[in-house]
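The structure follows.
A, B, C and D label the chains in the order they appear, each numbered from 1.
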Amino acid sequence: MRKIRMGMVGGGEGAFIGAVHRIAARMDGEIELCCGAFSRSAERSIASGKTFYLNEERCYATYQAMFEQEALRNESDRMDMVVIVTPNHLHFPVAKMALEYGFHVLSDKPATLTLAEALELQTLVESTGQLYGLTYTYTGYPMVKEAQQRVALRELGEIRKVVVEYPQGWLANTDGDDGKQAAWRLDPAQAGISCCMGDIGVHASNLAEYVTGLDVTDICADIAGSVDSRAMDDDGTVMMRFNNGARGVLLASQVCIGEENSLKLRVYGDKASLEWSQMEPNSLWMKFSNKPSQLIRCGVGPMSSLAEANTRTPAGHPEGYLEAFANIYKNFAGQIQARLQGQPASEVALDVPGIREAVRGMAFIENVVAASHSKLKWHRFTLEPIQP
Amino acid sequence: MRKIRMGMVGGGEGAFIGAVHRIAARMDGEIELCCGAFSRSAERSIASGKTFYLNEERCYATYQAMFEQEALRNESDRMDMVVIVTPNHLHFPVAKMALEYGFHVLSDKPATLTLAEALELQTLVESTGQLYGLTYTYTGYPMVKEAQQRVALRELGEIRKVVVEYPQGWLANTDGDDGKQAAWRLDPAQAGISCCMGDIGVHASNLAEYVTGLDVTDICADIAGSVDSRAMDDDGTVMMRFNNGARGVLLASQVCIGEENSLKLRVYGDKASLEWSQMEPNSLWMKFSNKPSQLIRCGVGPMSSLAEANTRTPAGHPEGYLEAFANIYKNFAGQIQARLQGQPASEVALDVPGIREAVRGMAFIENVVAASHSKLKWHRFTLEPIQP
Amino acid sequence: MRKIRMGMVGGGEGAFIGAVHRIAARMDGEIELCCGAFSRSAERSIASGKTFYLNEERCYATYQAMFEQEALRNESDRMDMVVIVTPNHLHFPVAKMALEYGFHVLSDKPATLTLAEALELQTLVESTGQLYGLTYTYTGYPMVKEAQQRVALRELGEIRKVVVEYPQGWLANTDGDDGKQAAWRLDPAQAGISCCMGDIGVHASNLAEYVTGLDVTDICADIAGSVDSRAMDDDGTVMMRFNNGARGVLLASQVCIGEENSLKLRVYGDKASLEWSQMEPNSLWMKFSNKPSQLIRCGVGPMSSLAEANTRTPAGHPEGYLEAFANIYKNFAGQIQARLQGQPASEVALDVPGIREAVRGMAFIENVVAASHSKLKWHRFTLEPIQP
Amino acid sequence: MRKIRMGMVGGGEGAFIGAVHRIAARMDGEIELCCGAFSRSAERSIASGKTFYLNEERCYATYQAMFEQEALRNESDRMDMVVIVTPNHLHFPVAKMALEYGFHVLSDKPATLTLAEALELQTLVESTGQLYGLTYTYTGYPMVKEAQQRVALRELGEIRKVVVEYPQGWLANTDGDDGKQAAWRLDPAQAGISCCMGDIGVHASNLAEYVTGLDVTDICADIAGSVDSRAMDDDGTVMMRFNNGARGVLLASQVCIGEENSLKLRVYGDKASLEWSQMEPNSLWMKFSNKPSQLIRCGVGPMSSLAEANTRTPAGHPEGYLEAFANIYKNFAGQIQARLQGQPASEVALDVPGIREAVRGMAFIENVVAASHSKLKWHRFTLEPIQP
């Protein structure tokens, strides 16, 4: 056994999400950062790499150079996987080249710029046989996994209704403090056709599908920009139908002043219900007809083995966002490790969002935008590319 | 000054909402129950009246008899107002006759069985000059009034988004414990064309319009019944547009297992936001961009004079549903008292849902049902009767 | 059956607690206010009485006059019971005269000015056979009664530890807005030897003993005044031993800035635990070893019959402080009604704090003050008068 | 700049706290584990080390061997610091030898087995000039640091009252699941003279002193064991006086069934108050007289620079226990780094519990045990060893 060696594209100094990825990768000591193309500037790439204690020779000026040169290195220190933490428009070309060069890929979301790209990526993943993972962070929380397991065990009975909401407030004003974070997300060339749905709506839809095990089949959507000068959506509502007939509602917004990152899921079945909030992630409510609600707490009493495998601390020692993120890294590394050992990956390791979720996420974005433009109420959710 | 004398139609022993109305009427000592037609059975009407310490002669067998005979009584003990606590289909005929006989009317919601009736009632209220109030209980909470005042003072800036939800779970199963409460609500002949929207959706829509001071102008709706044998809706979502361009979402459900009576309102403006939950009614959250949220608590620090006038206890001594209900009674009685004294009613007294809200509530029900049937996404909210 | 007729001593216009008592008495329609000595000024007593729609002849200038003249009235309209809502120093003389004149007594707390008076009162209650109740309001909450029942049924096993806290902040500054409320509570001649323990500490100790069914046997106390000019205590901590060996802690304070009325009880047994907070009174937490906590909610699922009998609304329609207060009135009225009917009172009616709690409350105050003065750690809780 | 190299004593595979320390050390990429004496068995030490990807030659059989051999290594890869994660009785001998061999020490708490040892350690720290840190984890939370800064800036005015509580339930039963964790904590030879106060009471007292900047001067204590077969305390209450005259209460318990790790601090000043709970660590309440409470949230609006420097994620992305722990590592590593660079350490780096807190913590334990045995109420808090 050895550590998995990771390269990074994007995420140079000052990029919030790059730092988060590095912490997540480091947390369990199973992955080491071995190289990177951290910035479009060679100098800045090297400067960043030095702060991560990398050798200068492995701080590349471009991702192309990185793949080419890493591929030439000896197997004993060559990169195993690349993580992609660039703006959206680069996700696909970087992932494509990585797969073609034989590297496993862990990508930030959304998977690509368009659904067409995601479908092409799917073909590539299948043809190359390389591993592909997607950092839908919120499915990394142990209590989300616990929820998923309880639904799978039919503790809720048949699902009737799903309410998932994701209000944020950070784009409520034109000139926020977070100028850099906002800039590329509001530029269709870098972000794709949707800001709010592409940035956070996909998280909400992924969370709903992950926990319920259901697929969205039909939607009715209403998205819009709330701030005058803005071309892209910053707020939206989606009514949904799932493949078992359940009804759903998804709310996502970046202009709800005072909301931080309030992703919340409620699932109502015909036997019981559950509720989970990202802001208090170690709690999961189970609700029943005419008997007391139960507060399931991470680490208290028997949890599903899946939730337990994704927990590091005992009850009452709160784990948070970085640990959820680290679970995705740890499990994805587990897949690579299994392959290195020539063994099948465990169920725990396999529980990472992958190419199926990549495609469905991009489909969600394109279907919502199309449905929002439609005068008809219901729009059939399709995996065919919609964007011209 | 004397107490206001009230007659009651419906609400005999065992009827939950009748007991609630009587408590609300009694709470502030300004109203006395003087007579009633509590049941369709004369015997049971008398039996009920006795438990309220009424004279047998003023326990009537029918509401018609009550209005006829009370009208003949001496002014010194004649009924001033009638409260209507029957199933929905009787609201209109009772209110109509009461107005025609010169009595003021306080009615449970929804105001009538159809929008057409509501419009006829509006004409009658205007022509008779009698007072008309509607018990949209939730607008009686002091913190709801505080919210309304803060919006009116533009503390939130321009309203951009309204999210109002009202999940309950009591109709999740076919055979609940609450058989009697459910039976008439699921019978269109008694309840009207909607169960969920007629019973609780109207509360949610009234709350949103009351607090924001805005009117719904367009809707997109999806309502349905979740339990097989059921003809009527028990769950629904409504996307909305308001007359200032704001977007809204209304969720109402009676099949969300484990939810009690979780009416909750969030209003997002371009300067600040607010949030209120009926289950913790003495709290009101104010949220801001990049500074700490404030927890406004009933009785702590200066409140608006409107909220203060609707508060009975100091901070930390929780008031609840019955006090909110009593506020509607107290303020409606204040209108009658003002008329008895030949004086204009105070702003506090006038802050009671009236015939305008009665009409808009019935319009809400009919528009939502029509919109839900439509294949088009958006439906123009109209005050014209829709139901055939 | 007829309504119970109540006279009031104290509580004229503007007195907060008088208004609360009247609302509580009115709420269930079983009690009518028939007379009162509302103020030490005859004129103001009459003025107050008029606002309650009383005849001038039954608005008395003194409580002595009230008892004398009411005793002479015909049985058909004579007062049945008196409620005492004066400052503390009058509780005893008024109660004493009432009992001697044959009236039942409901008294605000603490029962008397001294333990010696409480013991004398106990003798009088026993010798006259009149009914005596004490408005320890917080034991009127249905979820407190549910807690008491669950402890009694040994659901918690043997009680090991009790933590009861009652922080308020309203006396944190010398010159508060609540000048009148503060003035007499800080005057030993009117309030007795303790401000904080007499005003709120007794509530906390009563709540702990009521729910656990245990008696305090030993205490260690530390009370003090936090504001310079103040002679009386405004803050204190009491460590306790109960008669089963359990340990306890009681915190009470009037100088905890920002705290409203945060009475909170936690009871830990060797099988399970419970927690209740007055600020969210319709919830009761049950906690277990290594399995999920349960949120017991008023009206959800089967409650004890005692809790149910003290509940007026269905789940999710919050009841509050006034309803808890009204429960004490309703149950005390039930005792009187049973006596009028010549029948034994029900268990529900008997569940009102009485003369035993009156004596223990006054003992609590005197024991805490004595213990606080002692250099020894532990002080044996005694029912012998301590104050010189 | 290079990474700080860390050795570990104790914390082999399966030891909960060892894993936590390693995660904390890894999180920010500034520290690498270079060696360890993970177990008293040489074989198990090597086996553990291999799972951390260490060379076998740096997996030592004893801490003595580790210090001796690491001291001989070339400066380019020699250990800089040792972290001690053994049971309590080894803290002192390991720390002593490490300091004598010239290594910096980061120790788990409590610092030693006795106060006498702690004082000896203090002398050694001063004489060797090596760095010493103590993992009072909870002071690593950004909102705790925010609280400390606000108190220091006098936002609360003069502190009047401190309430700190730390209830857990995991030792409520004799035979828990956590047998190994419990065993040494209940053995005085390994744990010292107190279980509850030594394990969690010291955290609570450190938190109170850290946030308020005050020192405890007098105490009154009541500690006891709740489970029959148990020699050591598992529950206790301490009344306190601080050096500004403020009063305090500390509750700690390991037998409060259903409590997880509910460390909670409330500080009441004469101008404002604050409240923080470890179970929801990203929130800090500020409370005021007669105006709304404010919910300070990590990452929302301007925080103190100290809190900000200890934060990794934006608002609404919860950080937890491991991040708080990592802050202690990061800041302690910052002290070492500064020394390596020949520069003064920053204020942020210096904000780590050190030898002063080590001594006060051991004094707290011995003073509480002595005070609990005393028949007198108040016990003067002393830094002189008490234990025979």
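Just so we're on the same page, a contact is a pair of C-beta atoms (placed from the backbone, for glycine too) under 8 Å apart; a residue touches a chain by one contact, two chains touch by 3 or more.
Note that the structure is a prediction, hence the values are computed from the model and not measured.
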item: Co-neighbours of chain D and chain A - touch as defined; value: B, C
item: Turn needed to bring chain A onto chain B - CA fit, degrees, nearest 5; value: 180
item: Chain A and chain B, separation of their C-alpha mean positions in angstrom; value: 44
item: Distance from chain D to chain B - Cα centre to Cα centre, in angstrom; value: 56
item: Length of the line joining the C-alpha centres of chain B and chain C, rounded to whole Å; value: 35
item: Two or more partner chains touched - positions in chain C; value: 259, 286, 290, 293, 297, 300
item: Residues of chain A that touch chain D when the two form their complex; value: 1-3, 16, 19-20, 22-23, 26-29, 33, 52-53, 168, 259-262, 278-281, 297, 299-300, 312-323
item: Residues of chain D that touch chain C when the two form their complex; value: 160-161, 163, 165, 169, 172-173, 177, 220, 222, 224, 226, 235, 237, 239, 247, 249, 251, 253, 255-259, 266, 268-273, 285-290, 293, 374-378
item: Residue ranges of chain C touching chain A (in the complex, touch as defined); value: 286, 290-297, 300-301
